[in-house]
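Two complexes follow with subunit A in common, the first pairing it with subunit B and the second with subunit C.
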Partner chain A sequence: MKNVYLDQMILTTCCPTNAGSKMLESYVSLFNATVVEKLTAAGYEIAGKLPVGEFAIDLVGETCFHGKADASPLRDAMGGLSFDVNGAPRRVAAQNDLVFAKPTYGIVSRFGTIPVACSGECVGVTAKTVADCREILSTIVGKDERDGTMHADDVCQKSVNGCQKSVKRVAVIQMEADDQVRAHLEAAKTEMAANGIEICEIDAGVIGAAYAAWNMLMCAELCNNVSRYDGIKYGYRTKNYKTLDELYTNSRTEAFGLTLKSAILYGSDVLSTKNYMAKYDKALRVRRVVVEAFADIFAKVDAVMLPACSKMSYTEGDSPFVENKFTAPASITGLPAVVIKGVQLMGPAFSDGTLLDLARVIAKEGK
Partner chain B sequence: MEKDTLLLLEKVNQLHLEDAEKETVLTFFAQQEQNAAILETIDTTNTERMVHVLPILTVVREDVAQKLFTRDELQRGAPETMDGYWQVPRVVE
Partner chain C sequence: MKFETVIGLEVHVEMATKSKIFCSCSAEFGGEQNDHVCPACCGMPGMLPIVNKNVVNLGMTAGMMLNCHINRTTTFDKKSYYYPDLPAAYQTTQWFAPIAVNGTVEIETTKGKKAIRIKQIHMEEDAGKLVHDDWTDTTLVDFNRTSVPLIEIVSQPDLSSAEEVVAYLERLRSLLRFAKVSDCRMEQGSMRCDVNLSVRPEGSQVLGVRTEMKNMNSLSAIVRAIEYETARHIDAIENGTEELVQETRRWDDVKGKSLAMRSKETAGDYRYFPDPNVMPIVIDDNWYNGIKNSLPEFPEVKKARYTAELGLSDYDAGILTDSRALCDCFEAALTVCGSAKEAANWLISDCMNVLNKKQLTADQLTVNGKALGQLIKLVTDGKVGRGNAKKILEVLFETDVDPAVYAEENGLIVSNDTGLIETVIKEAIAADPKAVADFKGGKEKALMALFGKCMKQLKGNCDPQVLRALLIDEINKA
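After this line comes the complex of A and B, so read on.
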């Protein structure tokens, strides 16, 4: 039996989906996410739910109200689906020697996921091997009429299952990381070179600033998306209220954690009349600059490699809004990324299958 | 970020912060202001906004009424209900 875990951002009717938040601690959806329907239709068994940080915006799940996030159950399963909003599943994979594929935006349905930052979030696949990762991803790709932000079905299918371009040249984006991470990069470079792939180094340039724009866009979108949680229709309701205003405010204040509150307030500030043009509008323009920078790079090379995190374990004080320097480039552009052996590969849109082929080379995994 | 502005943001977003939390949030804002300064160094003259990475058109569905869920199903996750209605505090005196 093929069994997979789902993270707590993916709706299921069989068990609660809590988004790592007290706000949704006993929430059970009335419907399954499309990706869940696709998996079960293909014969997969849902092994259970894995904790996530509150609304999936933290480092590696440390802000989960329901207990510490733990990737170890994935070792007993074929893999899992994780919701990539701010790069947490990529960091988890890099630090736990797992494979993670963040697909090109719009080839996997987001219907039935808890919305946070809709313009960049997506459902990705964590697995122990590249082959398992590809198999699960192949199962969940495809047009879904219930998600209005998808590509045509043949485009979705070809991204993963079509004939893949062979990788001849890879650029390593120079970004600061510790010695352990650098060792992973060096090992991957060695393996690619041994397989005849030409390696070159490039400066991060504007790509290194993508996280600054993504933080603004993510917080702005999150602020709007979590405004629906008011203690009325579903979710947590405070016991401490007399008026409607007190019900709203106390429910949200008691249920949300401080990291989430900070992001909500910042997002609201970014969208305020005073800051809209200088911050939100600027971030949207920088998104295009980053997309164009990647287009220039992919005119010269087939893929890029960069770290997925600055170090292999975190300590108190590390911030997801700084550490996402490595993951935001793929989030803000919608480009595919694959984490393998502690490094992150990125390619042009719809090169998901090509990146998995390259990951197989780095992992020394047979076909 | 002035504390008065933070107070306004709290009100708009229906959140209340304790004093110690305000300090944490203000530190977060200060870090994000540094990010804003980074963006200022990037030339976006003549660059159009990119709201979405896909050229998304408005999704139009057929205007057909559907009954996807019953009232009971929809109220299953409600914190408080009464006689088939969502219960809220009295808003009219």
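After this line comes the complex of A and C, so read on.
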């Protein structure tokens, strides 16, 4: 039996999709996400819904309105679809020895996902093995006329299933992380070297600062996207209001959590007339610089490796807006990333299949 | 001191597309409340916008009609604000790279001709409508109008009187209706405008404090509002009756007053940014030229051609060129029947009659021009009587039939069977000896009675000249 979990950001008609927020506690969508339709059409069972942190922007699901999300989520299922907005599914996979594939932006439909940071978010696949991850990913890729940001269908298909390039050189991006994480990086290096792959080390440079720009873009888009939850049409409505302004303010104050509120405030500030050029517009320029930096790197090597997180478990006070320095590079550029054995691989656009091949080497998994 | 008024207009025009701007819901006016809605246009999470290509076509057309530069790469942006009629809490509009910029519109008033500069034209989605239910004292939202495509035409502050504003709006209306961008019906809200107004001492180069009156949708109200607002500004400056502040005002046409709505200080920050879900639209030469080549002649160019080349009277040419539908039908009919005078007559009297009966406007004319041309030709060739042709015309309003085939199938072809005509005449004479006697006694009217009876008996299928001649012959014999 092929069964797959969906996270609470992927809309289904069968059961509520709550985005981990009190705001959408009992919200049932009128339509299914394209990825859900593709899975069921291919004979997969939907195993259920997995909790997410509020609007999927936190570390590992700790801001979910009904308590922390389960850290080892797959249980008996073959895999799960997780919405990658701010790297949470990559951190969960890295810390729980799971595989996670974040596809190239625009090869998997976002139709029917709860929008947060549309310019960089995507549906990814969590699984226990690289083979399962590849199988599920190849089921959900493909052009969807209802998502205007997608690539041509053959481009989508080839990214995962086309003939892959063999990986000869991998660069390790130098970023600070604790000993456990470093041990995972070393183990992966050893495995790659044993398979004849040349390893080199590079300075993070602008890539290491990409998260600052991503925080601006993500929070700006989030602020705009969650404005629709105003207590008027659906979702939580306060009982405590006399005027329209009170209806808006109190509904949102009572239903939204602290992390989300700080993201809304930050995003609103970034987009204000006063700050637009200095913050939002600058962040768009940084995005381009980061894309170019990766293009330079991928002219010399086939893939890069970097941590997915700074440590293997979090404590109170760790911030998703700092910890995302490892995941933001792939989010802001739309490049594919694969988390395997506690490390993160990234490659050029449409190298999703190549990265999975490399992951198989690191995981010592047979074909 | 003498003052001059400085006015800039923002005109919103609903585009004549079948579907909405980002989803496939109907964009038609009216319908049951919340009939034309889907998860996309009522702001539910998970739907992504897909741009209606026809919206871009019409946006480009409008830009070209107003002599604008077309931005070959045009983008959509999000404008955030909270209001219950805006379900996603943002409006998708164009802020950074609108479809068209830097145009001009020429107007003519009693003071002569003047060019009004167009700053930009941008495409955007309309908002829904709030309906207050007095019975339950609740406010309800109707999302039918949400995401209906609009263009907003922003002028430079080049207008200086109510007369110029009316001339400008009428000119826009004529050009946009002609190019089939919109039906521009102010009473249905498919054309409405925001009036930005300030006054300054005549000759001064410095602009005064500006106020904006939103959502004006009748020409007469606009004239009254401009006159009131101008007087209020001058009074404030000359007599210090009040302090002018930059603000949005609402025109109350019943009270004949403008009232403050919100000042600049309390106005929200719209936090514009590019919509990442809509890829930049790149207009290549092929697309651009396709639209350029499909532009209609300007109405006044057409009118000049109709009078100079086709010999129509100024009056007839004026009526035809008031509506693109009439022009299209006229030109198609002309290619078939060859007579401009006949084609114009049929449109201006016969077609207009039917339209009036049906309470339709000229723009709603649905008659196939080629079929009308064939019908006219059948009449001028003497194959169908004029009375029967009018009946066929009514059929052409309903279905696109071939008039010749229809006339044949329904026995409406003029008969050349003189034997039949003579039999009918003889019967008529025999039945009404008094009329015969009256005619012989010099009463011309008596002939018309007999003529009418015969024509009726022949179902109109007879050349009137032939019938008349045969009838007189027969009476003289009797």
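As a convention for this text, the second predicted complex is superposed on the first by the 364 of 367 C-alpha atoms of A that agree within 3 Å, B and C clash if a C-alpha of one lies under 4 Å from a C-alpha of the other, contacts with A are read in each partner's own complex, and residues count from 1 in each chain.
In this section, a contact is a pair of C-beta atoms (placed from the backbone, for glycine too) under 8 Å apart; a residue touches a chain by one contact, two chains touch by 3 or more.
What you see is a predicted model; the values in this text were computed from it and never measured.
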Message = Going by the contact rule set out at the top, does A:Arg285 touch subunit B (first), subunit C (second), both, or neither?
response = first
Query = After superposition on the shared chain, which partner residues are touched by A:Val130: those of subunit B (first), subunit C (second), both, or neither?
reply = neither
Message = For A:Asp230 in the superposed arrangement: first (subunit B), second (subunit C), both or neither?
response = both
Request  = Classify the contacts of A:Ala88 with the two partner chains as first (subunit B alone), second (subunit C alone), both, or neither.
outcome  = neither
Message = According to the stated criteria, A:Thr243 is in contact with first (subunit B), second (subunit C), both, or neither; which is it?
response = first
Task = Mind working out whether A:Leu11 is in touch with subunit B, subunit C, both or neither, as first, second, both or neither?
result = second
Ask   = Does the superposition put A:Ala220 against subunit B (first), subunit C (second), both, or neither?
value = second
Message = Touch test for A:Val52: subunit B only (first), subunit C only (second), both, or neither?
response = neither
Remark   = Of the two partners subunit B and subunit C, more of subunit A gets touched by chain B
Key: Touched partner set for A:Ser119, first subunit B, second subunit C, both or neither   = both
Residues of subunit A that lie at the interface with subunit B and also at the interface with subunit C = 30, 119, 148-149, 223, 227, 230, 232-234, 244, 248, 268
Message = Give the list of subunit C residues in touch with subunit A in this complex.
response = 39, 42-51, 78, 80, 82, 84, 87-90, 141, 269, 271-273, 276-279
Interfacial residue positions of subunit B with respect to subunit A in the complex = 1, 5-6, 9-10, 12-17, 21, 24-25, 28-29, 31-32, 35-36, 38-44, 47-54, 56, 59, 69, 73-74, 76-80, 86, 88-89, 91
Remark   = So, in the complex, the side of subunit A touching subunit C is made of residues 11, 19, 29-31, 33, 110-115, 118-119, 145-149, 220-221, 223-225, 227-228, 230, 232-234, 244, 248, 268, 271-273, 276, 280
Task = Flag every residue of subunit A that touches subunit B in the complex, lowest number first.
result = 26-28, 30, 105-106, 119-120, 148-149, 151, 206, 209, 211-213, 215-216, 219, 223, 227, 230-237, 241-250, 252-253, 256, 258, 261-262, 264-266, 268-269, 278-279, 281-289, 291, 319, 321-322, 333-334
